[in-house]
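This structure is in structure tokens; I'll ask about it shortly.
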Amino acid sequence: MDMDWGYLFEVSLTSVMGGGLYALAGLAFVMVYKATRVVNLAIGEMLMAGSYLFFTFAAMWALPLWLAIPAAVLASGVLGAVIERTMIRPLLGEPPISAFMVTIGLGSVLVGLVEMIWSADQRRLPDFLPTQAITVGDAFLAPKIFWGAVIASVFITAVLLVFRYWRGGVALRATASDQAAAYAVGINVPRVFSLSWVVSAMLAAVSGIIVGSIGGISSSMGVFGLTVLVVVIVGGLDSVLGALVAGLLVGLVEGLAGAYLGGEYKLLATFIVLVFILMVRPYGLFGTREIERL
Amino acid sequence: MRIGTLKESYVADAALFDSRTQHVWLAIAAAALLLFPFMANDYWLYMACLVAINIASSAGLNILTGYTGLVSLGQAAFMGLGAYTVAILQLRWGTPLALNLLAAGVVAMLGGLIVGVPSLRVKGLYLAIVTIAATFIAHFLFANFDFTGGTSGLSMRPARVFGTDLDTSFRLYWLIVPVTVLMLLGAANLFRTRIGRAFIAIRDRDISAEVLGIALLKYKLLSFGLSSFYAGVAGGLFAYFFRVITPESFPLSMSIFFLAAIIVGGMGSTLGSILGAAFMTMVPELLKLVFDLLPGGADLTVFLAPVRLVIFGALIIVFLVFEPLGLAEMWRRTRRFFHLWPFKN
Amino acid sequence: MTQNATDLVLEVNNIEVVYNKVVQALRGLSLAVPRGEIVALLGSNGAGKSTTLKAISNLLPLEDGLLASGHIRFAGQDTARLAPQQLVRLGVSHVMEGRHVFEDLTVEENLVASTYALSGRTNAAKPDFDLVYEYFPRLFERRKGLAGYLSGGEQQMLAIGRALIAQPTLMLLDEPSLGISPKLTEDIFAIIARINAERATSMLLVEQNATVALAVAHRGYIMEGGKIVIDGTAERLASDADVREFYLGMGGGGEARSFKQLKHYKRRKRWLS
Amino acid sequence: MAIENPLIRCENVTVSASGKKLVEDVTFELGPGKFVALIGPNGAGKTSLFNTISGFYRPSQGHITFKGQDITRIPAPRRAKMGLGRSFQNIALFRGMTVLDNIKLGRHAHLKTNVFDALLYLGRARREEAELRRDVEERIIDFLEIDHIRHAPVSALSYGLQKRVEMARALAMQPEILMLDEPVAGMNREETEDMARFILDVRAEWGVTVLMVEHDMGMVMDLSDHVVVLNFGQVIARGTPAQVQADPEVARAYLGSGNVDELRERLRAAARPRAEAA
Amino acid sequence: MNQQAMSPRRRGLMLGAAATGLAALTQPLAVLAQDASEIVIGGSIPMTGVFAFAGVGINDGIQDYVKIINDAGGIKGRKVKYVPEDTAYKVDVSVAAFKKITSQNKVNVYYGDSTGFAKTINPELERNGNILMAGASFASELNDPKKYPHQFLVGPDYTEMFGILLKHIAKEKPGAKVAFVYSDSEFGRDPIEKSEAAAKQLGLTVAIKIMTAAGSVDVSGEVIKLRRAAPDYTIFHGYILAPIPEFITQGKQQGMKSKWMGTFWTMDSSTVMKMGADGDGFMGVMPYRYYYDTEAAPMLEKIRAMRPEYQSTAYTQGMLAAMLFLESVKRCLDAGKPLTGDAMKAALNSLKDFDTGGLIGVPISIPGNSIPVGRVYKADMKAQKMVPASDWIKL
């Protein structure tokens, strides 16, 4: 078979760009995991909640975009705080499996609430991304994908910078590194836990708004979270770098599988990559190995 | 924790049901199970069969997740393996029911072993995600092979036992409930022996267990195998029960359902599997009843599905936060209370 | 050495600590730290020294421990209801056993993290990184490097430096010599002595190396089985033969009769068949 | 001091983890029927050595032999079956089980029930369980005087009792060598005395060889025949309790080196000038 | 027996208690048993869940038609009773609803909500023998009177829908290149294989078939594929809305000239209007008339009189189902036949050039299990309406 290099390039470009969204959502996930060791299976549903909040502000209340987006992100932050306070905090000190299963319940609750408030119908978000087609050489790049990737990278960079230079970021990383020591140097660790959930929910909301503006929103868009899970596992649950690299990688794998094998192979391909990587590196590409003790 | 029972041998002390009262209750329960089909209408029989199938599968998941501590979100996939095995055997070769069910268990078990292989290297939550992967890979296989009937799945003839077609809930009841009862008995027995103890040891601290002589990989695989065997048989019953199976019959949400059932019922408890699966299966029906009783119920119907989702999730959360030992523990507490009430003994 | 209540930075009064609701680690321990002094807390492993420090800094709940009874007063204030970070902000800094530096953070970020100890403190000076670097010039050289890559001795310096940022009134030091070569141990203890002398920081020092601990301390306590068994000035303890016996189990002391002479008493009963 | 037929022998064993040597070039032997104590300050590598012998760590160098057989590459579960029984420093009982089940678990490697037996609970499983129950009840539970708590969940027991249950479990392993990791740590005097008596009785009645890590020096010196002292992962002394007690190297490891008064002068001198300047 | 009796005592207890309780529950319900002369329409209706948008309409449609009939005195004096249960579009819940409704009523006709349900319940229907069923599914598989003797489809099956579209294409642009874009689901894959053959027969080329993961949101990779195939027509199937608008938008941005088409469940006016400006000109097959259709149609006028606001095509579907149900019942009663499944199905198949009151634009006949008729409509975004783009096409 003749290799159509142009096609390969075009598909790869698009899928890597699309992977940027996985990276952003993966970052939201890692944020919580690093600080609180909670595997948030409801990450997809938190994305969904963010996009519905945006839908409410922008489409139902007709707020201008510059107001609707921050409002949705802030409201999501509040949601994150509420979740942390009511469901995660009570399980402090319980085995991590408990919190993991609580997030399964959380996912269901969020979907139920969305359907109650906004119904299960599919909806479209107001278009706010530029629609001018982007071309790179001969390759077309869907403007939404391009701008989505741009926004994702801006946010990823911003988050990384903030957590490098802001004192709260240092506190968060310190807590992630050594919880007992964080207490001992005077960091209010429970507040850091809250903070991590708030930031994570806000990042999830940003990704949700972009994802929703690309493909519309519905109560089943939490499925996106499954791919995010694959991303963070492949990258290593506690690694920010891992989430970024794996986000792009999984995006690429998915795109190539879809292009050369067919749509039904997309999820399959990512899961096979996941299983393969875990067999070789049980803690993901960049994850920290947990040391076992007797 | 019973008061005033005297045991005369270790065997008696190790029996599952040891006191006279227990035997009386047992007889009543057996009678109830036997009489139920003659009293209930088709709807309740249908629900009873569904509950029994879900109990069988939950009991399997409880072995793996509740007792051995390996969280699995792949139970639906293993049920699917069992269901497809039964359907294919029946449609292609017309093999008898008992053989089909056994094969369903074995095929699912093999699937479970494959998923279990990474369990020595891949730990805890990483492993849980691998089981999600299994669900999707199984779905892909079901949907893309000719002999599985692709996306439209397979339609079966009713099971045939001694010349009778098991084509009504009433008749299926006499297949499904006894099989479930036997499986529960097996599960209860398991935890009276070294195998069950080894599972619990792995759950509580797997590294120390190894030093005590428990080969981790072997027992983790055994647990995966047993759990998926249960799922496979339950899936086989499912196939005979619905007689139409499609790839979409076994979604991830079904695996989540079983996980929720054992959380709500009680992890690491056979009673928990029973209570949890029964309760979670009945919740939607109970909710409908409640909605019907509410004033203006008809207008609220649009909220039924979301409310169901919210309640489903909330049950998981509430039980984990407030009653991590589940309904089984609540039941034990009640029993203790009544056992001493109104007098001691 | 005169002691009246106001001179005591820390008073620990008859405390009992239980882990996991069953393991009793401390059984009625009492001790006191006079203002500006270094007090050494010595004892064999498992005697409860680290537990004592965690009880004081309220870090017990992290390990499922509980202060079951007794009182701890810091600067006259009962600390039972304070969260760990509140206690740090009041001026109690705990340098934990095993150093516990933030390995994924740079040296400087470790110090930045510690500035949280100054939050909400009204009379606090600005965080003084230079002070830390002056005590530990090696940390300055490596301030941009990840703490995880420091040597054991450097990590110990960082742990102490991090506590210094908090401008503590009382420092709790848990085994600063653990896993560190004798030469480096002496250097670190010299700095501990300097900090105490220059900044009048009171210290409660848990140490297994009795020699170096008693050399730097003003007073000392020796504990066994969750309570204090001997106390006195450092000089007196250093010359006390009991201390040595204590560590090496030389026997002959009061209650230590031989286990082999304990009475055997065994019940026999009939068995079910 | 080579022993003719050592029950266990560690030969130049070195254990490393993440680039650090936990145990370095340790050689020691343990004759049948002996009582050997392994001591040393915190972090000296005692528990690491224990873990290496029971198969949890694999040595990077050296060999371990048990009854003349090289077990360096044999996985932990098989070592348990061969007769290495142990207790753990931090109680490693299974909190979700009763005392009885915990003890029964110790026998795991010696039982033969397979899955099918287990599911049916007829024949072999039933017989084996009854036999095990009898043995555990009549020999171990009775011996350690814990019959009153046999149906209690271990999480409800006091620390001293939990330690005793752990010892019972180690005994249920039918060990030839009983490895006890800090059997009396955190116990009060009375509990310590009880435990010491049990250890002595076990040795006397069952003829088991004992290897013990313990910090209670009184107990170590009183009970053991032979003491091995570790520091920084290396053996710094060995011999009878009396020899070890008299060894200046041991004293240095425990108490630190040098003269306290000299050291104090040096430390104060280091602090003084700056203090005055400040 | 002993073995069994020894079995989980607790379980027995539970179920025993439940059994007594439940038996008590069933009693009052049994008392509600209907008056023998009633005609009962049972329904497993997806009033909630992902298919709720259709279920609510279907429910209203059936309800309204039952009201119309009852207001006119019922069928030969017998009142019609409609007993719906919500299913959330889940097969096991649907079956439970069926069991519940049939054990509490003597059901004559039944509305089912999904292909899965239709297939699952089929043996039960045959065993029962007294129920005629139709539903929301247009699966080609169900269009087989031998396998599904007591069921029918309230319109063309999915393959027939494709057939209608392809016929239209062949007429409009002979030899055109067609692309099929469909979801990886039973619904999506249903007509593809057969329609590919049908396209060939009509002289059309199937340029590309693209299957997308169910629920996928990012389709940019697929759009690239589609653009390279450069089809004249792209038919979407197996979706409600997403990701169709995204396909169209990105396709247009990349300069595609294809016409875009959909099948029944995409074609409700309100759904198409959600596509926004890029959806202008979107076409698709529709077996019914739209609510706002102006051609003469007495039923549409009745509907508009009862419900002044827009009613979805799902509503029409529900109403038509009820109409055909009751017409079959009426014909049986007229002929003095018992209301068995066979008799009602035969009565249904006896419909020749039956006038649906304008719900379908032409008189219909139901020779088998489906109504193979439809029309191509086109979105006019300015008017916010679907307008006819072809005549009624019969297969």
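All chains are identified by letter, namely A, B, C, D and E, in their written order; residue positions are counted from 1 within each chain.
Here, a residue touches a chain if its C-beta (ideal position, glycine included) is under 8 Å from a C-beta of that chain, and two chains touch if they have at least 3 such contacts.
Worth saying up front: this structure is predicted, and the values here are computed from it rather than measured.
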Exercise. Quickly list, by label, the chains bordering both subunit B and subunit E.
Key: A
Quiz item: Most remote chain relative to subunit D, going by C-alpha centroids?
Solution: E
Exercise. Average the CA atoms of each chain to get its centre, and name the chain whose centre is farthest from that of subunit C.
Key: E
Quiz item: For the chain pairs A-B and A-C, which is connected through the larger number of C-beta pairs in contact?
Solution: A-B
Quiz item: Just curious, how far off is subunit C from subunit B if you go by their C-alpha centres, in Å?
Solution: 52
Quiz item: How big is the gap, in whole Å, between where the Cα atoms of subunit D centre and where those of subunit E centre?
Solution: 72
Quiz item: What whole-number Å value describes the gap between the mean CA coordinates of subunit A and subunit E?
Solution: 37
Exercise. Provide the C-alpha centroid distance between subunit C and subunit E, rounded to the nearest whole angstrom.
Key: 75
Quiz item: Which subunit E residues sit where two or more other chains touch them?
Solution: 48-49, 52, 184
Self-check item: subunit A, residues touching no fewer than two other chains
Solution: 115, 119-120, 264, 267, 294
Practice problem: Give the residues of subunit D that touch two or more other chains, as numbers and ranges in rising order. | Solution: 56, 88, 92, 134, 137
Quiz item: Which of the residues in subunit D end up touching subunit C in this complex?
Solution: 41-43, 134, 137-138, 142, 145, 155, 157-159, 162, 182, 185-189, 193, 196-197, 200-201, 215-223, 232, 245, 250-251, 254-261, 263-264, 266-268, 270-272, 274-275, 278
Self-check item: Of all residues in subunit E, those that touch subunit A in their complex
Solution: 48-50, 52-53, 184, 210-213, 215-225, 227-228, 240-243, 245-246, 249-250, 253-255, 274-276
Practice problem: Report the residues of subunit B in contact with subunit A in the complex, numbered from low to high. | Solution: 69, 71, 118, 121-126, 128-130, 132-133, 136-137, 140, 143-144, 207-208, 211, 252, 256, 259-260, 263, 302-303, 305-317, 320-321, 324
Quiz item: For subunit C, which residues count as touching subunit D in their complex?
Solution: 22-25, 27, 44-46, 48, 175, 177-179, 182, 186, 189-191, 193-194, 196-198, 208-216, 225-226, 234-235, 238, 244, 246-251, 255-256, 258-260, 262, 264, 267, 269, 271
Quiz item: Which residues, counting only subunit E, touch subunit B once they are in their complex?
Solution: 3-20, 22-23, 26, 30, 47-49, 52, 56, 85-86, 88, 91-93, 95-96, 99-100, 102-104, 115-116, 119-120, 122-123, 127, 139, 141, 184-186, 188-190
